[in-house]
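Below: a set of structures, written as structure tokens.
Two complexes come next, and they have one chain in common, chain A, joined by chain B in the first and chain C in the second.
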Partner chain A sequence: MGNTLFFISLSLIWVMLLYHMFLMQGGFRHYMTFERNIPKWRENMKELPKVSVLIPAHNEEVVIRQTLKAMVNLYYPKDRLEIIVVNDNSSDRTGDIVNEFSEKYDFIKMVITKPPNAGKGKSSALNSGFAESNGDVICVYDADNTPEKMAVYYLVLGLMNDEKAGAVVGKFRVINAAKTLLTRFINIETICFQWMAQGGRWKWFKIATIPGTNFAIRRSIIEKLGGWDDKALAEDTELTIRVYNLGYHIRFFPAAITWEQEPETWKVWWRQRTRWARGNQYVVLKFLAQFFKLKRKRIIFDLFYFFFTYFLFFFGVIMSNAIFVVNLFYDLHLSVGFLAMILWILAFFLFMTEVMITLSIEKTEMNKQNFFIVFLMYFTYSQAWIVLVIYSLFVEIKHRLFKQEVKWYKTERYNQHKSG
Partner chain B sequence: MKISFSESQKLFAYFSGLIAALSLFIYYVSAQQSEGALILCITFGVIAAGIWFGPIYALAVTLIVLFVLGTLMMFFQTGQTSLFPAEEGLRMLVVWGIALLLFSFISGRIHDITAELRRSMTRLQSEIKSYVAVDRVTGFDNKQRMKLELSEEIKRAERYGNSFVFLLLHMHYFKEFKSLYGEKETDRLFQYVGQQIRTSVRETDKKFRPSDERIGIVLTHTPAEHMPAVLTKLKKQLDTYQLENGKYVSLTFHVCYLPYRNDIQTADQFLEELENEMMMNEL
Partner chain C sequence: MSLESGLNVLSVSGLKGTALYTFKADDGTIHSFIWKTKKGNVYIGLTNLLNDNLIVAKQLREAFGEKAGTTLLYLRLEDISPMSDEKLLLQAGIYLHKRHIPFILAVIPVYLNPETGDKVYLSDQPKMVKVLKKLQSMGGSIIVHGYTHAYRYSETGEGFEFWDAKADQPITSGNAEDPPSILEKEQDFPNEQAYHSYLEPFREKEETYTKQKLTRAIEDLTSSGLYPLAFEAPHYTMSEYGYQIASQYFTSIFGQVQLSSTTWKTSGAPPFVTAPSMLHGMTLYPETIGFVDTSKQNPLGEMEEHISQMIDFEGGVAGGFYHPYLGMKYLPELVDQMERIPDSEWLDLKKTKQTVKTDKVEIHTSGDGTIQVKNGVSAIDEFFDHHRQTPLEKALWILSAVVLLFVIMFVSYTFYLRATLKKRIFKERRSLG
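The block that comes next holds the complex of A and B.
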């Protein structure tokens, strides 16, 4: 019995590694090919649509000025662009700063959320902003983002040249990567996420997940869907599934780049990632419950991916760890102990290799420093994720059992000029 | 004090490191295993892939080797009977795993540095070319001259309050034209474009060819209100082109212009702003 369970859990981990190898290859192929369409698409796009950029902001005085400067510098005709900052119950100088910009530039405006929607979180703020917008294409940026000059143009370019695309998502990079060891870990994690999960799934299955920022979506879709789900903690993943269910796909177009801040302390990281993990668990459970009602079976891949990541893979890891620990105190007569040791070593090397390949795609990131950080990451950051997912699952179950209200935790921001 | 090394010094260091690490690894493997020859062959394959194709390919080979090895073990290993003898095999696996990663990294770096050296040589060659300030086909000044002239014009406008407009024309389908009709016909086309532009604007206006498909014109002492007239004239002059074989082709351009503004202080800022304006205006 012990042997069988152990073997099952090892196989699950091995299958997950194989799946990521497969994704990584797709990501690499996408990296090699995604720019080829740009010249042709530029020629095709004679008329640029009206674009509304929504920026939900709750107490963002530290970062909003930088974000709005980046918006002013966007390569997009300003008569076809409107920037809407949704001031969601801010008690700091966010509103004053936005007003400064809106007085100077007529394409920037501020929407203030009103009770009962004020301070309810990002989905609610986005719905308020959307109600005041009039663009044919809606772009969303977090308030800590610095999009590159061409970001919005490329998002729109991708959307206008692919009629089956309901949304186009760009790439995000970490602006404070060099700040702490944690931000270095996150930098590596985000690069892997972009090229494996986003690039790989797009190349093989035409699937990508809408991230919380740097994406463009058709207005008609948001109208059809009735806006963002304000009960979802991961409103982006939730929206992804509903967009696919309408019959559209979501294109990953890494030419559109934004730079965003990541948590610099473990406390902030823990809170933010708990929200993500809980949000994704909510989405998987919500849509698995309606599995047979879903019209588009392609999203099974996406649900499968999340189900595997948050449930099966962790089941495998936890099971193998548990059996290993039990076996230390009580002999389970395991005959796969030596094999497990070898597989563990190989799994570690596979992790290192996969991450290094993905880093090599982002040219400057495969350096000596990151070589050692990836090594360290396996034993620290990756293990912290295991604990975090278990904790999130516990909180999510508790939340459901006691029917608690969804509480949005806002990620703390940092002043990049002061902090370097 | 931070010590920095040149690319060729780095290349030498990586090569030396690779040779030293490889010698140690060969010594270790040959003393340990009967499968040593196979291990060495695969390792050499990884290094070759890294040097020849780059780090991604070396790492990809490593990935496949490790995964296949693990999968085979999972399916064929029963009980304590192992493909490797227990402890020795485990140590070998760890050393080999580390070696593969290290060799992938070093060989990949060697590839990248060599590629960078090659790129910088090409860059230098093109910089030497750019010292020739005049475009041989149109007779217009090149990009470097354009920046210098623009910078001077900005300073003059600041000091004396002159107005000027910078006009940029970007020819559509340049590459397609070149691949369809060849180098000679393309030169002929640009000689024609150059002549037409000369007849459309004043002799005192400064004309440039900053890149193959672009023409820039600094219209001195010109307010922005005059631009519609200038554009109409240019459109008329640059509407069609007669090929050497007598047939006609239509010419279309992206066009944008930017009048001098006192908040723009350098030629680079001016050109950046101009790129922003490079939108949608069909001539």
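The block that comes next holds the complex of A and C.
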């Protein structure tokens, strides 16, 4: 009994770890090759398409000015660019600030959501903004983002040079990494996520998750899909699967870079992550239920990935921890104790080396301080995820049982005084 | 004189020669049962000689006019498992070596913990392997005393291995945790053929089980540099079919022989080196003088008695065993006692001709005291067979190797990125500028 359970949890955990190992290999290869096409692609770009940048904003007075400044600085012909800020039910000075800009720059405009669509969350804000846009390419940025000068250009470059790409996803970096220990953790986490999960999946499966920000998508696709699913808490994951299912690639093109804020306190982090976890659980259940209707079965990799992350892997970790604790008090006679120890050590090494690669890619991130933070992260931040999944599962079940309406907790913003 | 061939005889007629012994039946008729003919000596089994074989053997020898020969002595250091005390073993071995006595090391390669089912392998105990190798080079000859010396979980050295003692029948399942399938008796079947076809599937299991155990025992020992030259069945119990299987691996067997295929409770051995037909070609080195039994008031008492009988017998084999965990308390006295036997010499197994083989290993002695070993077990086999791993464990080892490879690759990527850092920063500045 003990042995069987142990074996099951070991398998679940290692399927996941091996998958990540495989992704890391792909991500590294993508890093080594993604820049090669740029010169050729630039030559191909004779005519630039019209681009609409959507920025959903709900009480963003702290950050919106900086975001719009970055938009103004974008390297893209302004006659082919429109910036649409979707002011969704803001009760602060967001609208005033946006108006300041729209008066000064005629490519910036503001769309105000109206009932019944007001205050319904990001999906319906995006739908409102989309209705007012006329670009052939739609880019989305969160209101706290400061894209680098070339970001939109590169997104469009990727999209225009790859007919099969339905969307192009850029890279995001953490602007407030040095603020707190938490933001340091998140910084490392996001770097890993992008090179391992995004880069790796693009290299092997021609798919990347459309994040909430810094991506470009063809207008025709949004029209075909009928916009964003406003029931989804993780509108990005949800959109990813539908785009992929239409038969398109989703290209990860890390040349397009944006900088965004991450939660500086655990409380904000917790709220944001429970929303993601619940959102992804929603997506998994939604699409697994209709799996046989999906046209592109390769998406199963992604669905399984989430299914593993939020259900199986999680279950494996819980069980493995339980077995470990029980074994402390009562000898279960596990037959592979020694091997399990070796595997545990290898898992740790794998974690460390994977993170080190991704940090090394980001030039300035591979330093002594981060080395110790990664070490610490394995035993703290990474483990917090277990509690998070339990909690979000609990919330989701409660939500299903009592049929509560989806409620969007917006991630809190901070005033950044960025130096340099 | 040997038990090489046996016949069931109901009546005898027309035998020419001199009747040496006769037997008077209850009805007053007289039967001759030992003859001397022109061709040879004949014994016709009207009585069970094995009940008192020493006396009968002596009588037979005298009757046949054979001469009493030299008595062959041997002493086995018994039940040596990976958990035995290697210091006491070394002490006993060195003592025998100093007295110029070649000895036998009856080794069980795996110790099975009866409570947990955990196994301790010889390769886990490098100290024990070292001692055994040393003793092997100091006049010790290794013999296989089973693989675990246990079937159903019982402690190594205590349990039966090639006989299901609980059900008192041959091994019927390779998995000792299965409840025994109680075999039906021959009389429950209409004819012998039906009985045999009933037994067939059980015999197959017994064969698989026995072959696996013997192969592993021989190969495990060989991979540790210990070269077994013969076999000794745990508790001297094994079915006749088991002996047949063992004969494919060994040319000699030590101890006594289980005489029935339906119960382990009768065993015996003639007092000579023989090759009885039921051992299918294996030579039997009989154990005739027992062992030092500390549960008795006089632990050496019975041995002394047997030794006296052997002195009286003149010739044959005086073979016994000693548990090294008893320390040195009884050993010198035992050796003194054995050497009391006049006209005797110690058996040096390495100077006999033996062949021990599995599909991959062949150990051979040609009689000059050296051992030739052919080991076809490859390094990879050995690694994966290390500790006789389950398929799961093998899979996990492969997994570990793959992961280790990737960890190494990932480290090298990191170093590569680190080494090209300046170049990359320069390139980035140029492309942004």
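Here are a few things to note about the model shown:
Keep this in mind: the second predicted complex is superposed on the first by the 401 of 420 C-alpha atoms of A that agree within 3 Å, B and C clash if a C-alpha of one lies under 4 Å from a C-alpha of the other, contacts with A are read in each partner's own complex, and residues count from 1 in each chain.
Simple rule for what comes next: a contact is a pair of C-beta atoms (placed from the backbone, for glycine too) under 8 Å apart; a residue touches a chain by one contact, two chains touch by 3 or more.
Every value quoted in this text rests on a predicted model; they were computed, and no experiment measured them.
Superposition of the two structures on chain A shows chain C clashing with chain B. Contact with both chain B and chain C is seen for A:28 once the two complexes are overlaid on the shared chain.
With both structures placed on the common chain, the touch criterion links A:341 to chain B but leaves chain C unconnected.
When both complexes are overlaid on chain A, the residue A:150 reaches chain C alone and has no touch with chain B.
In summary, superposing the two complexes on chain A brings one listed stretch of chain B into steric overlap with chain C, and the stretch in question is 61-69; the others among 7-15, 61-69 or 241-249 show no clashing C-alpha atoms.
Chain A residues in contact with chain B (one complex) as well as with chain C (other complex) are 10, 14, 17-18, 21, 25, 28, 335, 339, 342-343, 346-347, 349-350, 353-354, 356-357, 360-361, 366.
On chain A, the positions that touch chain B within their shared complex are 10-11, 14, 17-18, 21, 25, 28, 43, 46-48, 75, 77, 335, 338-339, 341-343, 345-350, 352-354, 356-357, 360-361, 366, 371. By the touch rule above, chain A contacts chain C in their complex via residues 7, 10, 14, 17-18, 21, 24-25, 28, 38, 149-150, 331, 333, 335-336, 339, 342-343, 346-347, 349-350, 353-354, 356-357, 360-361, 363, 366.
If you check the complex, the residues on chain B that touch chain A are 54-56, 59-60, 62-63, 66-67, 69-71, 73-74, 77-80, 82, 84, 86, 89-90, 93-94, 97, 100-101, 104-105, 108, 172, 275-276, 279-280. The touching residues of chain C, when paired with chain A in their complex, are 116-118, 390, 392-393, 396-397, 399-400, 402-404, 406-407, 409-411, 413-414, 417-418, 421, 424-425, 428, 431-432.
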